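Look at the two complexes coming up: chain A is in both, with chain B in one and chain C in the other.
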Partner chain A sequence: MKIVIASGKGGTGKTTLSVNLATALAGVTTTGLLDCDVEEPNCHLYVKPAFAPTEPVGTPIPVVDEELCTGCGLCARACEFNALLALPGVPLLLPELCHNCGVCAYVCPEKAISEVDREVGMLGAGEVHGMYFRWGLLHVGEARSTPLVRAVKDLTDAPALHTVIIDAPPGVACPAVEAMRGADFAVLVTEPTPFGLHDLRLAVETARQLAMPCGVVINRVGIGDSRVHDYCAQEDLPILLEIPDDRRIAEACSRGEVFAAVDGAFADKLRVFASDLEARVQRAVTR
Partner chain B sequence: MTAAPSPSAPGHSGPQLPVPRQLVVLSGKGGTGKTSVVAALATLASNKVLADCDVDAPDLHLLLDPRRVQSEPFVSGKEARIVPERCSACGDCMDNCRFDAIGMTRLDSGRSVYVVDPVACEGCGMCARVCTSGAVELQDAERGEWFVSDTRHGPLVHARLNIGGENSGKLVTLVRNKAQELAQEINAGLVLVDGPPGIGCPVIASVTGADLVLAVTEPTVSGAHDLLRAADLVTGFGIPLAVCINKVDLNPDMAAIIRGVCAERDFPVVGELSYDTAVVRAQVEGKSIVEHGGGVADQIRDLWKTVESLLAKVEE
Partner chain C sequence: MKVAITAAGPELSSPVDQRFGRARYLLVVDVPERTLEAVDNTAGMNAAQGAGIQAAQNVIDNKATALITGHCGPKAFRALKAANIDVYLASGGTVAEAIDQFEAGKLEQTSSADVDSHW
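Moving on to the complex of A and B:
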């Protein structure tokens, strides 16, 4: 099963839940952990892989063959993203605006446009602590992270995995949606505060738009108020897990420690949570 | 387009007609306290316009009780739609779409046709070009809304990006430019921007044209890691960066490491805020921590004094 750990709001505990869940399941079942927050990845700070992200990931951008180009400007007019400027002679490419859609090459009557890969980030993958871990690191200054998110999610070269845990970036814009797409179930992590509630609503709306079954994990229970619980009841959203506001967990996280690796009771709780998820995924499939 | 802020004339201290300066609050990592800090600064700073540039999960308005005075659709780019009656189900559109945005659906008549997933569609128009049946229509895409509101701490420009919305950077730029224009109109000296998490397109759009970036971090391995990536982005644009360490007592060792890195890289640490449950209580009451009061409120007052003096230096 493929579980995506998402949230509208940042800092609610997506990465904490992802690494703790993966750690609790590693050794029990074949487990994969994919860090799809390629702008600010953090899972590696906890699972501490021996490998760095060294495999370059590129996204195709057009190159114009000056010999063949007649300067007709069709490509620039066809580009919906204004990434090509028609100039006398060959068009000028603004690579940061390019969405790599391929339209310019398609419309060029002279077949003067080909595509080359432009590196946008690095990918790392391998075994660590009994789990398969995959993560991406976007180059600083790159605007579009979705191609790298896709590369992190590409499990073609990965071993067979029973459980795949995807740590999504915050928000509901394209990087978060790209991380969520294709998962069997969305676990939406929030905290019982007005910000947590507001952004949970957005995350729920996102899951529903993707027609993805979802449930809620409430982190730092004890702070704030009861409105997140009330909302879940109203919306008939299952509360899958509640994690108390526990300074020990916060401090372990601050040091880069995985609480489930040292606290057996917490690890057990997460394994029960995982079997509950599995049952929910099964039910969603049969429905 | 708004004109970029120009440096004031020499010797002009500028109380009567200041060019609005832009202070952008960022963090890299989400949930470090950007919005709480911005709301507190909004309480302390006089004569400013507020801008919430976290357009996909905006929260600042929750503390400001805004009254909307203007509401506009954000139309940007295109989106494709396949007219089912004209679709011959050849599949060329799906084969040529690079965004996995086209799938199949079965009509009531039992016939299968192709359909566009609006969340995945980036609006490039490839499908319309390859379709030999003329079944694909490209329409202007409404990808969100933006607003100007009145709040007890001055005007707020904010927005709401649709789910999976493309062009979040363009919406951020729109919000920022609108706030800058408004500040010039009402003769406000400051645009205070609540930025998005991460380092991607909405963050790049948020910091473009900023006079000073205040990065709010926390003493955790993630906070430190993400701060440095955000710092690389900001300094790459040549924008000065100041740092605020939030929840500083959570991990004193990590706080010391962050102070060390900041000293090395010449980022002034302009404030250190204690972990205080009053921040969440203030949020529940819809107030800023300064309005709510407490120890952290005093720390933020000190922070603001330092930031103000940095902004004055930027102006020189």
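Moving on to the complex of A and C:
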């Protein structure tokens, strides 16, 4: 099963839950952890892989053959993203605006446009502590992270995995949607605060638009108020897990430790949580 | 010559729009005759991205050889430079006043973007 750990709000504990869950399952079943927050990855701070992201990941951009180009400008007119400027000679490309949709090459009557890869970031993958870990790091200044998120999620070269845990970037914009896409279940992590509730609503709407079954994990229970609980009851959203506002968890996090690796009770709780998820995925499939 | 000016309205008495890519109108003015064509830039105002590129395309398509605007970001400047369009900065006033200053040689021509992207 593929589980995406997402949230509208940043800092609710997506990574904490992802690395703890992956650690709790690592000895039990074949487990993959994909850090899709390629703009600010931090799973590696906890799982501590020996490998850095060194494999270049590119995204195709158009290249114009000056011999063939007649300067008709059709490519620039067709570009939905204003990445091409029609000039009297060959068009000017603004690569950072290109969404590599390929329409320019498609409409070019002279077949003067081909596509080449432009490097946008680096990918790392391998075994660590009994799990398969994959992460990406976007180059500084890149505006679009989705191609790299897709590369982190590409498991073509990965071993067979029973459970795949996807740590999504915060928010509900393109990078988060790209991370969520194709998962069997969305686990939405929130905290019981007004901010947490506001952004949880957005995350729930996103999961629903993706027609993805979802449930809620409330982190740091004990702070804030009861409105997140009320909202979940109202919306018929299952509360999958509640993690107390426990200083020991925060201390482990601040030391770069995985709490589930040192606290057997917490690890057990996460394994029960994973079984529950599996049952929910099964039910969603048969429905 | 044709000069393109970003404007909040479609007339010579309209204020200069300080934005380039997301200006309300692009006025293409014949200098010195002062006949003008107003190009609606609603598409640029609402563009998800690349508004400056789209506006530069408008300047190029209307055969203007100079642009007067409030501020110009790096991508728009790159586009205008590629088309050999001179960029002049006007800090306020009406379109007519900006053209007066342009004709009197009192407008500052910029050799680079004067603001960051999405300023």
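Here is the rule we use: the second predicted complex is superposed on the first by the 287 of 287 C-alpha atoms of A that agree within 3 Å, B and C clash if a C-alpha of one lies under 4 Å from a C-alpha of the other, contacts with A are read in each partner's own complex, and residues count from 1 in each chain.
Quick note on the criterion: a residue touches a chain if its C-beta (ideal position, glycine included) is under 8 Å from a C-beta of that chain, and two chains touch if they have at least 3 such contacts.
This is a predicted model, so every value here is computed, not measured.
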Touched partner set for A:22, first chain B, second chain C, both or neither: neither
Which partner, chain B or chain C, touches more chain A residues: B
Which of chain B and chain C A:165 touches, first, second, both or neither: neither
Touched partner set for A:3, first chain B, second chain C, both or neither: neither
Which of chain B and chain C A:258 touches, first, second, both or neither: neither
Chain B versus chain C as contact partner of A:105, first or second or both or neither: neither
Which of chain B and chain C A:81 touches, first, second, both or neither: both
Which superposed partner A:123 touches (first chain B, second chain C, both, neither): neither
Chain A positions touched by chain B in one structure and by chain C in the second: 81
Contact set on chain C toward chain A in their complex: 47-51, 53-54, 56-57, 60-61, 75, 78-79, 82-83
Chain B - residues contacting chain A, complex: 28-32, 35, 54-57, 59, 62, 77-78, 96, 98-100, 119-120, 122-126, 129-130, 161, 163-166, 168-169, 196-204, 218-223, 225-226, 229-230, 232-233, 236, 250-251, 254, 277, 280, 283-284, 286
Residue ranges of chain A touching chain C (in the complex, touch as defined): 76, 81-83, 85-88, 92, 94, 96-97
Contacting residues of chain A [partner chain B, same complex]: 8-12, 15, 37, 39-40, 42, 45-46, 78, 80-81, 99-103, 106-107, 138, 140-145, 169-177, 181, 193-195, 198-199, 202, 205-206, 209-210, 223-225, 250-251, 253-256
